[in-house]
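Across the two complexes that follow, chain A remains constant while its partner is chain B and subsequently chain C.
Let's look at the complex of A and B:
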């Protein structure tokens, strides 16, 4: 019974964090068609800035995390203005090749971020102090309260995002842009403004996921590739551009990994998800809820 | 290799000026006297971005400056050449080849990761280059020397090997965990790496003799991102203490152990916890953690211990790691050997190194003979290197073992109680 509860609690926390990390990744693809392979880099920048502000500049944990989230937003905009937008606007790159150019450029940008972080902060793992100290006994499972808080914050943000997208004018514009960009333009919305808004939203989500990750299992520049790969696997499984698909996929991946870690060996936790990805690509390439 | 750096950049300029001056006054620019006073090049290889890597480089810099400030080696200055192996065997081998073939160093000192040291070792044999290993601990290092002495005689293990590290922890465990805390059960938890195989074998042998029954043995990947399942499994065993063998990792398991308030003390060998930066790296989660080390600030193991650690802290604003002590001493061992051999030639140096009898910062340092089980390894035990145990208490590293060097009594983290 304890083992089942351990798996349920840990699975819930890690899956919620995965969902938060992947949801921005899938929105960016859904709205602007960009697969941002620098995603892990943005998460780690947010984590390391929050750590630096707390450990070296003496900021409290909450202000440090806010600065970390801000760094996530800044990095998202840098990615957009320095890497993505110049390719999108380029007349020398044929339209049909732009996707692959952006894919390659963001991959290289992610590597640059990783190398810059390692140069500035070293590759040693860092950790941000817990947002909520203490231990909570969940049906006999000794769980750090911070982990439960991460699960709750993740879901509050996801619900807030749902509310924003479905109930506000800007949110509805984003939703419409993901379905029919041309139609949205004809209705008088400027598509580039929507893209800018979405990149800001993405930075907020990625920054928050980065700092929460840093309070849970820590972060290091060497995690950049792994974090991008996790988000990539989740959105492929869920269906590129599908938010509900990404949420479901995050929980499937999170629980499979947790089950593997508890029932087999923590060293193998990422393997079943990778096998699953291969099977999904063969049997249902559009993913669980994919539109494209 | 962009990480390759030379200390003493003025040397090239100085050499150029000397050549110009020599030519101007009509002398041969390379006189016998000038050659004799040319600097002695020594290489140091380590992963610069690791806590236990930069500690090697720092100690090498300190030893170089210290020796040079006191007249050098037989009047010749040391020129230190530094190479970053990025904790990679391939980079380590490339660095070693460059140090020997291109930069013509007389000896190489380093490195941290056993897998890197073991990859470099055959190159020390092939290139006939003295290689003093000061950070890696695998027993395999000296096995190769014993089994293939003629080829591998150039390798010296200027550090305690993994089996001895296990013995250090068992002696500490008996004195602290069994006698003071009345602990009876332990889980052995080590990262899966070359150095922990003999370490774990020794733990499993000597912990029961020390009074701790081993109820589980866990080996985890150094890439493990979440230790929650491992700690939950340990909690289910109701063990009193977790005896670790960790060096490649350290921050993550320590933070998660603290945050989860795992009801078992964290003790054993946690190399990163030996450096004072570990407190900041773990946001203080290392409070209460006990780790073996070869030396520590305040532990007057020899008259050289505290002057070294004080100077290190003053210069680098962090305490020396275990391999800072061994690296600093390795440079003095080399100096001593070169002066006795009156030569920097490899074979003469090997013969002199084999006769080392040097009181360093962590004890009397001698190497076992060629037929010994740990050929060319540091001698371990009373009268030689014995190690210490430190515990993090209120943000400071306190020495809690051996008793004669102790600066504090062992304590338990707030959520743990001694057994009755």
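Let's look at the complex of A and C:
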């Protein structure tokens, strides 16, 4: 019984964090068609800046985390202005090849971020102190309160995002741009300003996910590739560009991984999820909720 | 034919091959070792270019094919009494079979999904190798009993001749009617289909050819190195390097892939003294080329000559 509860609690926390990390990734794809393979890099920058502010400059946990999130937003805009936008506007790259150029370029950008972080801060894993101290007893399972807080914060942010996208003017413009970009520009919205807004939003989500990750299991520049891959897998499973799909997929992957880790061997952790992904792609290539 | 013999593209090729062939007289063993690796990488990049540049399919998992070839050959060599050359051929065959198993269903998919499948295939292969560490050597690597040669010069020539032959075949295919059909398929699949070409069949053939040379190169490379390890033949970082090499050299040129690979490996070696930052510098240079010279080295030269 405790084991079941433990799997439920751990699975919930990990899945919520996965969801938060993957949601920005999927919004960027949905609105501007960009798969940002520097995603993991942005998460780790936020985590390491928050750590550096707290451990070396003596900032409190909360201000340090805020600076970390800010760093995430800055990195997202740097990615957009230095890498993505020049390719999108380039006349020398044929339109049908822009996709592979953006993929390759963001991948390179991710490597640059990783190497720079390793050079400045070293590759040692870091962690940020818990946001909420203490331990809570959840139906017999001793769980650090911080983990529960991560789950709650993730869900508040996801709900806030839902509210923003469905109820506010700018949010609706984003939603419309993901459905029909030409239609939105005909209605008088500047597509490029929508893209700027989305990249900012993405930076915020990725920064927050990075900081929370650092308070939960820590981070290191060597995680950049893995973090990108896990977001990528979740987004493919859920359907490229679909937010509800990504949420569901984050929970499926999170729970399958936790179950595997508890019931068999932690080293098999990612295997069942990969198998399931292959089956899903063969049967339903657009993912669970994707549009073709 | 006589026109071809007088074209200076032909003479540049002859001079370049002659230069590479006489290099062992002067160059040190260290330089030859670096170039040997670069030549194998060149074959990886050229095989990748056939698929991307011509068939328009992004294969994010060239290392799936390379890894199958390398580990297939390596494990046969370790656990069976088969001679080395048979293991190499078997490795290439395993890569082709694995490639077909992957491509046959995946080629039905449109858009980015083919690329995603190939990416997942690499991750899966990686997991398998680590989990069955008992027979694959896991993360430490698999030591193979046989080696190609213990002489640096001989290894250099094996790699050089292999690269030249594979490059020649891949280049010839890209210039053949089949290459034209592939190019048409890549640029406008519907129009190509309307002209009566079975695009899936042609793409599958391109994929098999790419798998064959990738697998062969992977198998030869581990017999040169003496070990098969995840870091040299399967890891995503290797796949990324191959893609970067092909894009740097110039897509849709085949030969550009080899140039890009030699540049990338040599640059990586030259930058070794600056330590940790060498990867950063290589990635930065690659990104700048991508942004400012999107056709790659060879592509830019060819375009200028064509007066575009």
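Note that the second predicted complex is superposed on the first by the 292 of 292 C-alpha atoms of A that agree within 3 Å, B and C clash if a C-alpha of one lies under 4 Å from a C-alpha of the other, contacts with A are read in each partner's own complex, and residues count from 1 in each chain.
As a working rule, a contact is a pair of C-beta atoms (placed from the backbone, for glycine too) under 8 Å apart; a residue touches a chain by one contact, two chains touch by 3 or more.
All values derive from a computational prediction rather than experimental measurement.
When the two structures are aligned on the shared chain, A:142 is found in touch with chain B, with no touch to chain C. Touch criterion met: A:127 reaches chain B, while chain C stays clear of it. In the superposition on chain A, contact is made by A:266 with chain B only, not with chain C. When the two complexes are overlaid on their common chain A, residue A:182 makes contact with neither chain B nor chain C. Look at A:118: by the touch rule set out above, it reaches both chain B and chain C.
Of the two partner chains, neither chain B nor chain C is touched by A:169.
By the touch criterion defined above, A:109 lies against chain C but remains apart from chain B after alignment on the C-alpha atoms of chain A. In the superposed model, more residues of chain A are touched by C than by the other of chain B and chain C. Shared interface residues of chain A (contacting chain B in one complex, chain C in the other): 118, 267. On the chain C side of its complex with chain A, the touching residues are 52, 56, 58, 105, 109-110, 112-113, 115-117, 119-121, 123-124, 127, 130-131, 187, 236-237, 240, 243-244, 247, 251, 276-277, 279-280, 283-284, 286-287, 290-291, 294-295. Listed in rising order, the residues of chain A touching chain B in the complex are 2, 6, 10, 14, 54-55, 118, 122-130, 135, 141-144, 146, 217-218, 223, 226, 258, 261-262, 265-267, 269. Residues of chain A touching chain C in their complex: 35, 83, 86-87, 90, 92-93, 96-97, 99-101, 103-105, 107-109, 111-112, 115-116, 118-119, 225, 229, 232-233, 236, 240, 267-268, 270-271, 274-275, 277-278, 281-282, 285-286, 292.
On the chain B side of its complex with chain A, the touching residues are 49-51, 192, 220-221, 223-230, 232-233, 235-236, 249, 251-252, 255-256, 259-263, 280-283, 285.
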